[in-house]
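Naming follows writing order (A, B, C, D and E), and every chain is counted from residue 1.
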Amino acid sequence: MSTPSAAARLDHWLPRLVLAPSFVLSFLFIYGLIAWNGYLSVSASRLLPNYEFVGLQQYEILFQSERWMVALKNLGIFSVLFIGIGMALGLLLAILLDQKIRAEGLLRTIYLYPMALSFIVTGTAWKWILNPGLGLEHLMQQWGFENFRFDWLVDPDMAIYTVVIAGVWQSSGFVMALFLAGLRGIDDSIIKAAQIDGATLPQIYWRIIIPSMRPVFFSTLMVLAHIAIKSFDLVMALTAGGPGFATDVPATFMYTHAFTRGQIGLGAASATVMLATVAAIVVPYLYSELRSQRR
Amino acid sequence: GEVEVLHWWTSGGEAKAASALKATLQAKGHSWKDFAVAGGGGDSAMTVLKSRVVSGNAPAAAQIKGPSLQEWAAEGVLANIDDVAKAEKWDSVLPPVVANVMKYKGNYIAAPVNVHRVNWLWANPEVFKKAGAKVPTTWDEFFVSAEALKKAGIIPVAHGGQPWQDFTTFESVALGVGGTDFYKKALVQLDQATLKSATMDKVLETFRKVKGYTDKNAPGRDWNLATAMVIKGEAGMQLMGDWAKGEFIAAGKVPGKDFTCAAAPGTAKAFTFNVDSFAMFKLKNEANVKAQKDLAAAIMSTDFQEVFNLNKGSIPVRLNMDLAKFDDCAKLSSKDFVDTAKSASLVPSVAHGMAVPSAAAGAIQDAVSQFWNSDKMSVADAKAKIASAAMTK
Amino acid sequence: MKNVHRFIIFGLLGVFALFFLLPFYVMLVTSLKDMGEIRGGSLLALPAGLNFEAWGKAWSSACTGTDCNGLQPFFWNSMAMIIPAVAISTTLGALNGYVLTKWRFKGSELLFSFMLFGVFMPLQVVLLPMSQILGWVGLSDSIWGLITVHVLMGLASTTLFFRNYYIGLPDELIKAAMLDGAGFFRIFVRIVLPLSTPILVVTLIWQFTNIWNDFLFGVVFSGADSKPITVGLNNLANTSSSVKEYNVDMAAAMIAALPTLLVYVVAGKYFVRGLTAGAVKG
Amino acid sequence: MGALSIRNVRKTYSGDIHILKGIDLEIEKGEFLILVGPSGCGKSTLLSMIAGLDSPTSGTIHIGERDVTHELPKNRDIAMVFQSYALYPNMNVAENIAFGLEMRKVPKAEREKAVARVAKMLQIEHLLERKPGALSGGQRQRVAMGRALARDPALFLFDEPLSNLDAKLRVEMRAEIKQLHQRTKTTTVYVTHDQVEAMTLGDRIAVMQGGVVQQFGTPDDIYSRPATVFVAEFIGSPAMNMLRGTAAAGGVSVGGTLLATHAEHQAAAPAGRKVIYGLRPEKISFAASGLAGEITMLEPTGPETYVSVKTAAGAVVVRLAGHVAEQVGDTVHLSWSTDAVHLFDGETEKRLGR
Amino acid sequence: MGALSIRNVRKTYSGDIHILKGIDLEIEKGEFLILVGPSGCGKSTLLSMIAGLDSPTSGTIHIGERDVTHELPKNRDIAMVFQSYALYPNMNVAENIAFGLEMRKVPKAEREKAVARVAKMLQIEHLLERKPGALSGGQRQRVAMGRALARDPALFLFDEPLSNLDAKLRVEMRAEIKQLHQRTKTTTVYVTHDQVEAMTLGDRIAVMQGGVVQQFGTPDDIYSRPATVFVAEFIGSPAMNMLRGTAAAGGVSVGGTLLATHAEHQAAAPAGRKVIYGLRPEKISFAASGLAGEITMLEPTGPETYVSVKTAAGAVVVRLAGHVAEQVGDTVHLSWSTDAVHLFDGETEKRLGR
């Protein structure tokens, strides 16, 4: 066998070189920071990081905390609903918009705009709308629907669902955009073939288009999942974790303890637990998805 | 030199107040680098501060208050400004309770700006008149009036259901029901016996009873919307710190006539204070250190104290100041401040981070707020939770 | 029959549009009211008149600290930051996606999944160590520090988007271009990029929005005079112990959202169909 | 009324690119129509229109009694093989084939039987589990076929379904299609470029050019009596020799040489008229005498040899069976029967006489 | 050493799907190699490997003196026509054609000349501004051709480049390719299913089956002396008649009928040996006497007619010129020369004698 020329060797390495900076940086930062955070979680850090080793004490505190348990449960409820509804709605909107709609540009912008607005202020508007005394409930009752009830925001058991509503409102436009881009990338001719095969429009989407958008689903799922897990602004702006700490999620828990209450060690422990939980769910999925997408 | 100042006074009157300080400094030939971060009563600002300190780039001064000052000082990042304090005789113009908060191991590390009184009751006299009730001075009266207001179809108590507001209300109830000593023992010294005492039961029962007079839409409501309810006459009264006054005034209401400010029931002889202060960080550049000291001096100057507090709605932290320009509520507040300072019933506000370290305060707040929001939780449970929260380090 | 379908489609689209627009409506009418109206009136009521005072104030005279120049200065800071940040992260993401799908090598998928998992790291974990690192490399409190952080944090998502889009591009095109003598970059620029418009738009929307609306990094990593617009907005709207001016807050929020909206409208046009029509048979 | 009637169908792209310029075709139930024509003449476009994937700019399409011009594809009961295959990339071969049946609610067991049947017929049994991406060109084309053949539609549309197959397989597939058609008698429209397919499969052939049907008739008609020069040249390989000349007494004068014609032709083209003298390569043979010419090229294809001969009347291609002993440069004499001559008008290029 | 040497190249997919099982081919500079073989036998895979788009599991590929097995495609100086076209959908036809030149830094003016040249040659001048999406199947295929032909590479690879063209155009294109090759003498590998293309274009033909080269020789070799039953059946249409029988004195006994063979064949196959008696359809004619049989099918293709005859020795296809007067059901007698007979071993299916 011959040895490839220098130019050929460069060409061979070029893809790796191009990828290298992104990967090296991501690794250094992401995994470096994860490790650092892991270390903090077994330290006595309070207001500022320090490196006095205290073993698993922070984890013990964490798992005795009722608030943390509530946060974990909320994350579960929120993620499932937010991802599920967000995907479904985003996909539905994308499909509807894909029907050669005249006002597509306008509608698309309407669905997307919630992304553009910072939750710093939108949260206020949502609080008003969801507040039974000011918003929808009030309005409907004024219009004569005396029995109309919509008071989830002030009900500790239901408040987390209002966070879902606002989250879906904010994100499904982007999901729509992702799906729309996917739809627009589908080869027209296979749609034609399906029409000939007698598939109805819903069947075409369900059996042909959506399955061939598997990578798009993967993107969407990753995006929504990470929004869900990191959702912080949303909760802070809408309920700030309230009533009480009924709508606390791990991100707000961690922020509050690490930064507001000077319990960095505890915050770090919560971040580690969160990551570990995510890893348990996401890593197998990532693995199988990337395997099966290889062509 | 240059001073970079981290604060969360960003809008309206506060910003004007901060500008006054900036002007003073500039008059002394220093430049002012403004680092304003609003939000969550300084939560965001604290986050920024931490990362700035970690990156080795601390600002000259940062708005820090209460026991947090001690915590920061314990990290060894704060500067000693005793020379300024001595020159300006801070020890004599500040009430000792306040001065102690500003010191770490006997040295001044921060300059106080203002005093907020937290244990206020704001009321709409017109509504009270309509309902035939009078502004209460004790908790018993409070419930009588509340009942009357309720009968008149008015929401008796305007409340915003956010944990810090729940906690603010709790603090006023604790002070009113338990008295100053109880308050100090339970919420400042975090004495377990006191926290588990029968008085605590009473406090919690009263606290829960107050909730019965709030509307069901309270959760999540901002404090100023609650104030607006009082202004509009939808609600009769509100338990809130003196910043609420700003809302009344902004709505064109006149103190004493359109709205009443009174001490929270049973706390007329006491004063829960919330003092804003600037911690001074260790700096390397000499010129900047000079500017920093000038800043400390300027903060405590009578001129600034007056301008600032007129804008902010609070009262000067200096004793013995001329209050001619202040309104009646402020005058009342100031009088109580001076009186209680003498009678040792001037107590730090636990809800506003003046009394105990943030970790414990936060944990107690969680427990209080949970009790407030969950009608199922028994008083005994709540008491146990609060007591165990108080042990958080 | 066809008309019934259309009617249902439009009906659904309309209902959702209303749901999406409701908060916007509330914000808009509030921004046009004065504070008296807001305190006294109903949430959904139309304003008494068109009153743009709040908008003017939000833009140029509201206080956000000791300065009372409104959002204006923050706005330009954000602009200066977002353009390089979006450009760099999008470019890198596109290149990464291209390598990961069309120039695979052993282990590239594994590398990618590691990178992807990183997106789940809570942002708050980043703050302190990152400030320390930026302090070491001398980028703390500067616009470039902020840009660096945004690029780093956005990479995984942009790479994901492009990778998953490029997977669908026929490999034959790349092969044909290789035979035509095009190298790695030329294939990317001449063949792959022109076929990427929809995903470019999506990535642009995502990155632009995320970076533009980011508050936490913006407030922590920027310098005193490079603070982005969210910090300004936050300072306007998020005061807890002083009088609230909801009309100004709402106007400010909308002003802050304008560039993003503009991006949506302009970029949205490029959601085109049939980019790969006629490429290969099979 | 036929099984499929296409009436004055026109198709225009972006306002001024006229692809179909008024197509009229009518076939009976069970007929097998072959569409041929040069690349780009609009065959696939016409099929799309019949299938309902594209709508005509004007004109109507009827299937049976029904006007389907504006009917959705799924309501037309058509099976089609796409020139570009258009396989579903996310499904394996078996699923690709079964999809059309599934959409029509055929029970699973029957679907499986149908898949097995067509897979056998198309020799792709071993590929059923593969995705299209892992198939060769010809295998993909067979899957595309399979998708259509699994069904039992009212109308089959095939767009060059065998173009990527090897000759052997193509013969087998052709036989399969023929048998299938004989069994089911499903009306079929079939586009092909293969003359053998056209001639052996079709009941009728439509020759299209430039968006117009040039001739529509039985295979024999088209081959033996091409209506225009275009059709004559288009069908048959190598193409018919076309010699331009002038009608003269007893024949046609081409470049000074008189080529004999049939009496009927002489009657149809009065002397002096510009005509085109057409002669299929396979109708010419080498003889001791006749039109003399020099061999310029020899192309042995195996069973026969194509010989290009330069004669006084112009270049002529001759198709001879087997090997040819002559060499390039040799002089030969060409002979043919006047029966084999096709005569066309020199101006209109339309067929004359006979 | 040749211009292209492929040495023991193997290709295996996912561990156990063996596509190429050791291919050895060597062609000289300027040679025109035709690759034929049944669909799915690995032709495209082999081309990909030559082009460097895929790498062999084992074996080496040399172009000229250079081992290019691990060389990048762009450094091999190869132009290729893909079976699946692979047009750049974002570029118009002219840009598609010019891209390869541009990448090789050919000046603009020259590029334009090249585009004009190939566009004329491929008859796509009027399409230069169109995007691939707005082209017909055959037009796309011609653009794919144009992209390769515009260049002047060291090696041309064509993967069924004419399959979607009509017969007339195909003849013209074939002629163009032939001329081009004669002019430039560029080494070429050409995959086709068209026998005429294979026989007329190629200097040498490689017949592949199941990942193995069955025979590698000149067109005449392949046609006249097929090395195996597979090759014999694969080349020629209709396929060679294969009659299984036993060698006997003076010939081969098939189903009790003795079919005469050449003396050499008799020598090669001792009596009693199982053999296969091969006879091309075009070598058989109707005669007054000979093997009797009944006509079961008549397929007129225009220039000739395929006749299936059921005889005592089995079914035999006969290819006759022109029309046939006989009808289905008629009894005919078949005759052929013993020179035309191919004999193969019944077990190994290898050629025997001659």
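One rule holds for everything that comes next: a contact is a pair of C-beta atoms (placed from the backbone, for glycine too) under 8 Å apart; a residue touches a chain by one contact, two chains touch by 3 or more.
Going by UniProt, the chains are A, C = Binding-protein-dependent transport system inner membrane protein; D, E = ABC transporter-like protein.
Values in this document were obtained by computation on a predicted structure and should not be read as measured data.
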List every chain that touches both chain A and chain B.
-> C
Leader among chain pairs (count of C-beta contacts) = A-C
Computing the C-alpha centre of each chain, which chain sits at the greatest distance from chain D (ABC transporter-like protein)?
-> B
Mind checking the centre-to-centre distance between chain A and chain C? Centres are C-alpha means, answer in whole Å.
-> 15
Could you grab the centroid distance between chain B and chain D (ABC transporter-like protein)? Build each centroid from C-alpha atoms only and quote it in angstrom.
-> 93
So, what's the distance in Å between the C-alpha centres of chain E (ABC transporter-like protein) and chain D (ABC transporter-like protein)?
-> 22
Between the Cα centroids of chain A and chain E (ABC transporter-like protein) the separation in whole angstrom comes to 57
Using the touch rule from the top of the page, what residues of chain A touch 2 or more other chains?
-> 11, 49, 124, 134, 187, 212, 255, 259, 295
List, in ascending order, every residue of chain B touching at least 2 other chains.
-> 40, 47, 50, 54, 222
Residues of chain D (ABC transporter-like protein) touching at least two other chains | 83-84, 87, 133, 137
Parts of chain D (ABC transporter-like protein) lying in touch with chain E (ABC transporter-like protein), wherever the complex brings them together = 13, 36-40, 42-45, 83-84, 134-139, 141-142, 159-160, 163-171, 193-196, 199-200, 219-220, 223, 233-239, 280-283, 299-304, 306, 319, 321-322
For the complex, which residues does chain A have touching chain C?
-> 11, 14-16, 18-19, 21-23, 25-27, 29-34, 36-37, 49, 89, 92-93, 96-97, 99, 101, 105, 107-122, 124-126, 128-129, 134-135, 138-139, 142, 169, 173-174, 177-178, 180-182, 184-185, 187-188, 212, 215-216, 218-219, 222-223, 225-226, 229-230, 232-233, 250-251, 254-255, 258-259, 264, 267-268, 271, 274-275, 278-279, 282-283, 286-287, 290-291, 293-295
Could you pull out which chain B residues touch chain C in their complex?
-> 4, 7-16, 18-19, 21-22, 32-41, 44, 47-48, 50-52, 54-57, 116, 222-224, 228, 231-232, 241, 243, 246-247, 250-251, 312-313
Of chain C, residues touching chain E (ABC transporter-like protein) in the complex | 170, 172-173, 175-183, 186, 190-191, 194-195, 274-282
Under the touch definition given earlier, write down the residues of chain D (ABC transporter-like protein) that touch chain A in their complex.
-> 48, 51-53, 72-74, 77-80, 82, 84, 86-91, 99-100, 103-104, 133, 147
